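Chain naming follows the written order as A, B and C, and within any one chain the residues start at number 1.
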Amino acid sequence: MLPRARPTRVVRMPDTSRLDGMTSTVTTPSSESVPRSHPADRTGAQVAADAAAVIGSADLSEAGLRRFLHGLPGVDRVGADGRAAHLGTRSIKTTAKAWALDLTISMVDLTTLEGADTPGKVRSLVAKARTPEPGDPTCPRPAAVCVYGDMVAEARDAVGNSGIRVAAVATAFPSGRAGRQVRLADTRDAVAAGADEIDMVIDRGAFLSGGFRKVYDDIVAVREVCHDAEHPAHLKVILETGELATYDNVRRASWLAMLAGADFIKTSTGKVSPAATLPVTVIMLEAVRDFLATTGVQVGVKPAGGIRTAKDAIKYLVSVNEVAGEPWLDPDYFRFGASSLLNDVLLQRQKLATGAYSGPDYVTID
Amino acid sequence: MRAPAPARIDVRKTYKLFIGGAFPRSESGRTYEVTSAKGAFLANAAQGSRKDARDAVRAARSAQPGWAGATAYNRGQVLYRVAELLEGRRAQFVADVAAGEGLTERRAQDAVAAAIDRWVWYAGWSDKVAQVAGNANPVAGPYFNLSAPEPTGVVAVIAPQASSLLGLVSVLAPAIVTGNTVVVVASEDRPLPAISLAEVLATSDVPAGVVNILTGRTAEIAPHLAKHMDVNALDVAGALGADGITWGALEADAADTVKRVLRPAGDDEASWADAQSLNAILAYTETKTVWHPKGM
Amino acid sequence: MPRFEYAPAPESRAVVDIASSYGLFIDGEFVESASGGSLKTINPATEESLADVAVADEADVDRAVRAARRAQEKVWGPMPGAERAKYLFRIARLLAERSREFAVLEVLDNGKPIREARDVDVPTAAAHFFYYAGWADKLDHAGFGPSPRPHGVAGQVIPWNFPLLMLAWKIAPALATGNTVVLKPAETTPLTALLFADLLRQAELPPGVVNIVTGAGATGAAVVAHPGVDKVAFTGSTAVGKRIAKEIAGTRKHATLELGGKAANIVFDDAPIDQAVEGIVNGIFFNQGQVCCAGSRLLVQESVAAEVVERLKVRLGTLRVGDPMDKNTDVGAINSAAQLARITDLTKAGEEEGAVRWTADCALPEQGFWFAPTVFTDVSAAHRIAREEIFGPVLSVLTFRTPAEAVAKANNTPYGLSAGIWTEKGSRILSMADKLRAGVVWANTFNRFDPTSPFGGYKESGYGREGGRHGLASYLIEGSTR
């Protein structure tokens, strides 16, 4: 079972002003009594102290971490799949759908991660993010664009003061197979170039061979680079759940990343199949929910890869709503890593506005 | 010259009840006279009461988990051992059966032989029932799913009135082979082979309380067992030919606790010569189905 | 903070066409009842009257049994199994084709959420016919010897909690084995059975093979008591089951009884906690808890009881209670005013006896029969809510310290239908499964049903099995032990 909650510090309520058209401030039972803070508000020392409190000992050794991670409740795969399938049967219509579509757009990390990326491609991507639906100023903008580190400066320049953030993958993405100094240098470059957010990968080899301390230290080191910079960046930690293979591992990796100070935990690089799945995301949502209850720290979740349709996105939002709860219905705490999702959502948005089914010629291709 | 030795006076047996591995007299202190088919005095049998029945059910219930928990191989061996001991005491059973049922020695021998063979037949089923009556179920989903028979619990057996040994074995052995424990009401007029069988059971490896045997008036004892709330199943075979009672009335009594009732095949007690079947075993089993997800 | 309000997503009612009145389905056609009596069936979510349904009396039942006898002797019995099979396959396909219609009608008549009728009741009913269809010409291989024989006419009485699914559980194995049927649907939920009669018309099933006589308890009693009925199959309360067992005592009628339950759902401290919480919810709130195998007693290891209950309450906060026709509804209406009164009485007793009541904070519609999901903690084994079948969305939470204590408490009931075990330790699961006196044991899952999987109880939960190869036994002379 999970460690008990302890008193927490600062309460920083998420800024929801960007979510136009959303009213009500009712909270779920789970969220009423729990003070919450953003993980990025903590110093490295506080992160370590939180981790020590969670595992019940200052001993963050390999053995200490293993004891804790292997002491987490198991995940029954069939039951978890069934829960996700059940959430996927929710029928979201009319006003709820319109609301969910706009929320989805506001949560997209519009992504291009190709070897063939060019400054032109990145500018085009940013243009799409700035004006997702030409002629409709009520259409929200994606939360961020997500690019390789060497494209950060270009992206930074292009987003200007639009409020769109620049996220960069780093740490020898996507495999992570490089020495720590190389991974940190990769990160440092991206942060220095103006990245608001760093999407790092964990060392799956180390994780699968039981090297939990190595994975923990990597994350702590990358976090330090992100947070100690002149222009600090938030840290998303990619677990690459497709390589972790079991749901038990997904839960353990989620906790390990959160203990090490992740601001977000992210499913996938998009380069490994399977990428994001609904059950894996549900397990990660359970992990952030439980981490909040334990530490008072609210970590975000980002499924990435394979989410292509508005219909799929809404299933994720339903899961966010019913598993983690309303506080996560916020781009500060939930993102979609996607490239083609945006246009499908725009098509659905047009359908709701006009009543007629739309077609690909009526949305712009970046 | 020495005087001729006087004729030896035989040592007669006192027939008592068999409850929890012991041989108590009826708590009521009553006995009744048992005669041969020709009317000769054979013995005074204990005339069991409802309180004796209560004690027997208590003994059966406390023995049940242990007996059901023994391995099927072990139960098979224990029951086979009973057959071995029966074989060694054939002569006594032949004499008992011949006197009680009025059979010729030849036919009594046949009946005893059949009873021993029947015991062997049922003993061998102990570790096969689950394979024959159980199976995996290919459900449409990622689940392991298995059905297997398990013992019902405590079975009350109203033993056949006419066939005092073969009939008794034919209803007793199938009940206990899967792990049930039983309370037997022996043939009212021919109870002696049942008590002799009890002596075999007591000296075999059958744990105390697995088989409990009452003698007495069927119509007096059987309704209490049919109504007893801690009895799970009832074989009413011996209601046929018993005075003052019908199997339908016992079945109706048993309905109040949803007992499993094994009815007699016909309206009169038929020959037990061929009365061995898997269904006789399955009548006192419950199919348990266990599900478990299959996931990595 | 934003709130994700799901807009109403009602299923269309237009797909069903309910007549203002229905007769009895006897010998292939709808006929008036002899007495002309009828009863109203209503929508429990709105109390709106749906239709007048004929009430069959002894004369009507006699007519139905005679029709079934003729059909059994002249048509259905002599028919080769391969041909019987094809009729059953037809029925399975027709049910699938008309699944939405059946689902909507079931919701209107029963009050269950459309999601469950659509995803569970109707597809499982169709699957049941499909499964038993395949047995009809393979009975020689079913383990009952060569050429096992049907009993003849089966009289079947079914409950209101899964009207169509229970019909399928009863009719499919009966027909596959060569029996013919007189079926009595529940008083409050006759409509899908009557629609099924229309489906039989499309299947061109020979007249008299299936007869449907509607009515209340007296009609069911007439079916059970009719001397022309060879085999009785009943699903319903233990009280009525006992009356049936008494009624047929001393006759040569065979019976299967699927009665009540008070299942223990046992959660150990090493359970997969999130799935266990889902299993608890599914175990007691599926079909508003109106399920004989419902996991109505949560036995949770004391060391984790507080945490499990807390997580459970949070989860229950996301259950959507209300309009059963809304595709997002999780908990629908209670089937009848009488059932609601029983649930209310028992929960009142729970409070009076000192258990601590917690009820989900949800608005309930003003019309119709509703009961909010409720959890009782501090329940002791002596409380009525721990012993009696509530048959509603009410969970009683008890604690245990050791596996042996869990087994003892779980078995401490006259019932023995189902049980649940939640632990990640395999050997403990198998040992517990051995020791639990219940006909269905769900380990790390709950409330799973499949046509291939036998279902039925120990002790006062009844006898006989429905589903799977075992479900054939009691419809065959050679397979029947009682």
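Just so it is clear, a residue touches a chain if its C-beta (ideal position, glycine included) is under 8 Å from a C-beta of that chain, and two chains touch if they have at least 3 such contacts.
Per UniProt, the chains are B, C = Aldehyde dehydrogenase family protein.
Being a predicted model, the structure only gives us computed values, none of them experimental.
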item: Touch-based graph of the chains, sorted into line, ring, star, complete or other; value: complete
item: Comparison of B-C and A-B by number of C-beta pairs in contact, larger one; value: B-C
item: Approximate Å spacing (C-alpha centroids) for the pair chain A, chain C; value: 44
item: Separation of chain B from chain C, taking each centre as the mean of its C-alpha atoms, in whole Å; value: 37
item: Computed distance of Cα centres, chain B from chain A, in Å; value: 70
item: Residues of chain C whose C-beta touches two or more other chains; value: 444-445
item: Where chain A touches two or more other chains at once, by residue number; value: 76, 78-79
item: Residues of chain B engaged with two or more neighbouring chains; value: 141, 143, 293
item: Complex interface listing, chain A residues touching chain C; value: 1-2, 13-14, 16, 19, 22-31, 73-76, 78-80, 82-83, 89-97, 99-100, 103, 283, 286, 317-318, 321-322, 326-327, 329-330
item: Complex interface listing, chain C residues touching chain A; value: 1-9, 115, 119, 269-275, 278-279, 303-304, 307, 313-314, 317-318, 327-328, 361, 424, 444-445
item: Sites on chain B touched by chain C in the complex; value: 69, 132-133, 135, 137-141, 143, 145, 147, 152-153, 232, 246-249, 251-252, 254-258, 260-263, 279, 282-283, 286-293
item: Residue ranges of chain A touching chain B (in the complex, touch as defined); value: 76-79, 81, 245-247
item: Touch list for chain B against partner chain A, complex; value: 141-143, 293-296
